[in-house]
Amino acid sequence: MKIFYFGRLSDRVGMRQETLALPTNIETLFALKSWLNDKHDLGGALEETSIKSMINQNLVHGDAPLTGCIEIGFLPPVGGG
Amino acid sequence: MKIFYFGRLSDRVGMRQETLALPTNIETLFALKSWLNDKHDLGGALEETSIKSMINQNLVHGDAPLTGCIEIGFLPPVGGG
Amino acid sequence: MINLLKTNFNAGARINAFTKQSGNAGAIASFVGRVRGENGDVDSLYLESYPRVTETSIQEAINAANDRWALIDVLIIHRIGTIKAGAPIVLVCTASEHRRSAFAACDFLMDYLKTEAIFWKKQIGENTAEWVEPRQQDYQDQARWK
Amino acid sequence: MINLLKTNFNAGARINAFTKQSGNAGAIASFVGRVRGENGDVDSLYLESYPRVTETSIQEAINAANDRWALIDVLIIHRIGTIKAGAPIVLVCTASEHRRSAFAACDFLMDYLKTEAIFWKKQIGENTAEWVEPRQQDYQDQARWK
């Protein structure tokens, strides 16, 4: 699975993207966020309410299963062009 | 005295400008308009209320003396750029 | 700056020069008006000005825009003489720090040019030539600023 | 058309090409936004997009503009990557028959780009680098269209 960290999240995580094989017990978006939080020591940065998530480039509201997910994007508030 | 006819007035008069020595009894704008009307057979075109007059490039409202006048412009409604 | 030109101009090149010259402006709005062919009914426009008087009145509109908005610079280029269908007839550029002022002033100046600026306009087609006046819509647009 | 570019672009040349291509449009409004140096505090901006997602969202804004106004054509060019102070960051061009639609749509699209478009923006100065978000004014401008 490809994961993108945009804007200030990329500074926090220390990278803009990574490709990961998830443990089989990570089946939902919220579980993934929590797992990434521990893995990268993010202090809850991914779980802030201002962070939007896109699964396969579609916006997701709340939790969602990761079935068929090949790409996740974590989007902090946009900055304007 | 230089006289300019703009827009549709130039078609009516048949020229865009002329330089005239006025008869000594033509001392005001209204007298001039009436004299030009007869001279060019304008059918009152200069006397229409929509026609604005400029003396030495300054807008004149109503009648005005021609003392010191070196240039007169007769302006039909503007057409927009 | 005001330029009344008897020949065609390159709008893009003028906008670039204006942008370059307007230093630290973050916002440059521009408008290019072209002669519309009206589906073949209009081959060209003939535009007449009153030399100096027309420029003075446009400068007054620029002054009014400067009073109203914080502008860094303004450029108005307007064709006079014969302008073929499809050719640019007017370019208005406004520069400001933020975009709201640039947009509003550009819009305002175009409304001025289309209704009050001292131009007389003849539409010339294959068999016709007639002096035209502003559209009702132009007067309505202009009235927004009063 | 939407272009997200990693290198500088020539705004005037793009406006000319757009004008040429937009056939019988009488009105072409354009807006050029440049990186403001903020009196030396900002050397450059770094702009990040989400490839494809950003373009799709901009296309939706163009569709909304087309629903709302009678537009002949729209062009949006936006820089991504590092953009030095003074360089153009965005160009929006809109073409319509009469100017009201072109002005409104250009204004609307800029407000969209400044608040909702999917870009992340880092201001880079001599000793600073910080992610920034829209100004309050940008949100107010955007709210005009709701």
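Order as written gives the chain letters A, B, C and D; numbering starts at 1 within each chain.
Criterion: a contact is a pair of C-beta atoms (placed from the backbone, for glycine too) under 8 Å apart; a residue touches a chain by one contact, two chains touch by 3 or more.
Being a predicted model, the structure only gives us computed values, none of them experimental.
Think of each touching pair as a link: the shortest run of links from subunit A to subunit C has 2 of them.
For the pair subunit B and subunit C, the distance between mean C-alpha positions equals 28 Å. Centre-to-centre separation between subunit A and subunit B, using Cα means, comes to 77 Å. Here the spacing of subunit C and subunit D, counted between their Cα centres, is 23 Å. The residues of subunit D that reach two or more other chains are 33, 114, listed in rising order.
Counting partner chains per residue, subunit B has no residue touching two or more of them. Remark: the chains found to touch one another pair up as A-D, B-C, C-D.
The part of subunit C that touches subunit B in the complex is made up of residues 33, 47-48, 50, 52-53, 56, 78, 89-90, 113-122, 131-134, 138. Residues 10-16, 19, 24-37, 86, 88, 97-100, 102-103, 106-107, 110, 114, 137, 141 of subunit C are the ones touching subunit D in the complex. Listing the residues of subunit B that touch subunit C in their complex gives 4, 6-8, 10-11, 54, 57, 73, 75-81.
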